[in-house]
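For clarity, chains are labelled A, B, C, D, E and F in written order, and residue numbers in each chain start from 1.
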Amino acid sequence: MAEELRKIMFTVRKPPHGTIYVYEGLEVKLIMAAYDADISVVFMDDGVYALQQGQKTGDLGVKGFEATYGVLVDYEISKVFVDRKSMEDRGMTVDDLVVIGEDEDTEEDIKPSVVDAEEISQMMSEQHNILCF
Amino acid sequence: MLHTVNKSPFQNTSLESCLRFVREGDVILLIEDGVVAATVGTSKADMVTEAMKKVDVYALDADVKARGLTRLLDGIKVTDYAGFVDLVDQHKVQSWL
Amino acid sequence: MKLAVLIYEGPYNHEASDSAYNFIQAARKKGHEIEGIFFYHDGVYNVTKLMEPPQDDRHIAKRWSELGGEGIDIVVCIAAAKRRGIVDDVLVPNVRISGLGQLTMMAIKAEKLVVFGD
Amino acid sequence: MLHTVNKSPFQNTSLESCLRFVREGDVILLIEDGVVAATVGTSKADMVTEAMKKVDVYALDADVKARGLTRLLDGIKVTDYAGFVDLVDQHKVQSWL
Amino acid sequence: MAEELRKIMFTVRKPPHGTIYVYEGLEVKLIMAAYDADISVVFMDDGVYALQQGQKTGDLGVKGFEATYGVLVDYEISKVFVDRKSMEDRGMTVDDLVVIGEDEDTEEDIKPSVVDAEEISQMMSEQHNILCF
Amino acid sequence: MKLAVLIYEGPYNHEASDSAYNFIQAARKKGHEIEGIFFYHDGVYNVTKLMEPPQDDRHIAKRWSELGGEGIDIVVCIAAAKRRGIVDDVLVPNVRISGLGQLTMMAIKAEKLVVFGD
């Protein structure tokens, strides 16, 4: 089909672990990555905590899922963005963020891209549909 | 009184509400998503630091670790479920759901 | 327009299920096509035939089943349903359990997608 | 863009977050507990009034009535589910759950 | 038994209708009223919306429960309080509040009592147990 | 002390169920008595035997059933359960469906009551 790829955005605004929204949301992304769609993911508000490095859920007795973020790029989900102000409000910097994959050529770690609200608004307006978690 | 708060102060006002009702000698225990209030450099850090002048603020270790939080505010007391039980044993409890 | 609706919360407990139902009915009245309804997270509880609300209350599972009977595709996420105890045996008629691929197809094919949840 | 907001601004920051991302010409629809943001004399009224300079703010009638709210801010547009459908028809949608 | 009655407080902080917490919480109060306990109910934060007069849930297609508040005093739940600041922040006054019963002698309407935070804190500290909705 | 624990949210969906479980286990280890555990609102979904979580995940209903087997009174609110489709047939062993009177008795008899929910 010559039809253009559909743009689908995921907005992640809930914190991880307190509810299952973030985790089950991640499952949707991994499945959707196998289909022909132009996927982007935006972490904003408490959703930025999903990207915090070093999550250890053992004492809670629940499975963690931080490692899965490390393979997002392998799943060809490379358009991963973080809202700058959400990070700043929470005292987080890029150093806190998980690695989502490795650059094939340079072998350098890939991290989510920090962007401003205007850029996110612009991207939102270009989507076919938006799913929120 | 022991006040448990289980929501992020960036998303929900339950910690703020709780702070209107705490009294000298009360204790606040941050659990679940509530533990993010215990971290440094946030837009809510002043509020929590101010509260610690009046009451003890605890954060539940298992929830802190699950979220990968390492930089906690000075004065935050980290406790485990056993400590949670002791706090319940020592105080009347209000859960700020 | 072709509409897809996602429902994330369980019946009675959260208004999401009622909002979605009222929205869908209004859309149908206007002649819009419903590409599909997808239940995710606690939304999977919406379609258990075991629910028995008070007689003077709405029967949420029956409402969804009736929509399904009128030809609307109603899909329950299998992964979300399994961990919550929603299995084929307890489903009301006219709804089906399937995978997240179905949600993907809805998101791609529907012109508009609306999410109801907490 | 159509932005739906379903939470009380007194309890939850989702309306505030939404307002950081709305642009000229966008529309906000308050539904469920979100409709309380449409009332007069509240601590959030200025925020909503300010937002209405930039975007249209709708409140879902069924939810307004269910909560017994009668005094709405000047400029709030009240709509029903049919109007909700029209708004979805006219815009891309982001649900600020 | 000569034992003193247990003091049980209900705190209602969620708004009605968006979730079932307030409604199912009301069911607990009505049942508990039949037992020997000293019950009080405090509406605070968005819980004050539960007491707003004139709730009409017909267009939602759900049962309302405002009328039940009108019989609280009949059920011998007469210690009903509202947090003043929560009402003020929401632009509500006593006029907005539902009637919870009638004075047996004067036949005057009884409304929830508006109280300050300090008074609520004091009452909380005197409870045997507190249930929140 | 004598403890009562209320759980308002469903399994997996919300951390409340895990928090409550971890808290109860810590209390028992310290020798405290559990007067009862009461499931209300969506909490009633915690004890359906139909749930089938992934094999490497905790089985929440089984955990509660085991606690019940060790003599702890685990009560599911009948009104909340009925409208949500939790009936005797789907309960795990060692838990029982009963009325809000049970919650009342727990609130009166337990020295401390802790609520876990959303």
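Keep this in mind: a contact is a pair of C-beta atoms (placed from the backbone, for glycine too) under 8 Å apart; a residue touches a chain by one contact, two chains touch by 3 or more.
Values in this document were obtained by computation on a predicted structure and should not be read as measured data.
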| item | value |
| --- | --- |
| Chain labels contacting chain A and also chain E | B, C, D, F |
| Type of chain C:chain F copy interface by residue overlap (half), same or different | same |
| Centre-of-Cα separation between chain D and chain A, whole angstrom | 27 |
| Cα-centroid distance, chain C relative to chain E, in whole angstrom | 34 |
| Distance between the centres, which are taken as Cα means, of chain C and chain B, whole angstrom | 38 |
| Multi-chain contact residues (two or more partners), chain E | 14, 17-20, 45, 60, 62, 129-130, 132 |
| Per-residue multi-chain contacts in chain D, two or more chains | 6, 10-11, 13-14, 32-33, 62, 80, 92-93, 95, 97 |
| For chain C, residues contacting two or more additional chains | 8, 12-13, 15, 22, 41, 57, 112-113, 115, 117-118 |
| Pairs of chains, among all present, that meet the touch criterion | A-B, A-C, A-D, A-F, B-D, B-E, B-F, C-D, C-E, C-F, D-E, E-F |
| Chain E to chain C touching residues, read off their complex | 17-20, 60-63 |
| Contact set on chain D toward chain A in their complex | 1, 13-14, 17, 20-23, 92-97 |
| Partner chain D, residues of chain C touching it in the complex | 1, 3, 8, 15-16, 19, 22-23, 25-27, 29-30, 32, 112-118 |
| In the complex, chain C residues that touch chain E | 12-15, 18, 21-22, 56-58, 118 |
| Chain B contact footprint on chain E (complex, rising order) | 11, 13-14, 44-45, 85, 117, 120-121, 124-125, 127, 129-130, 132 |
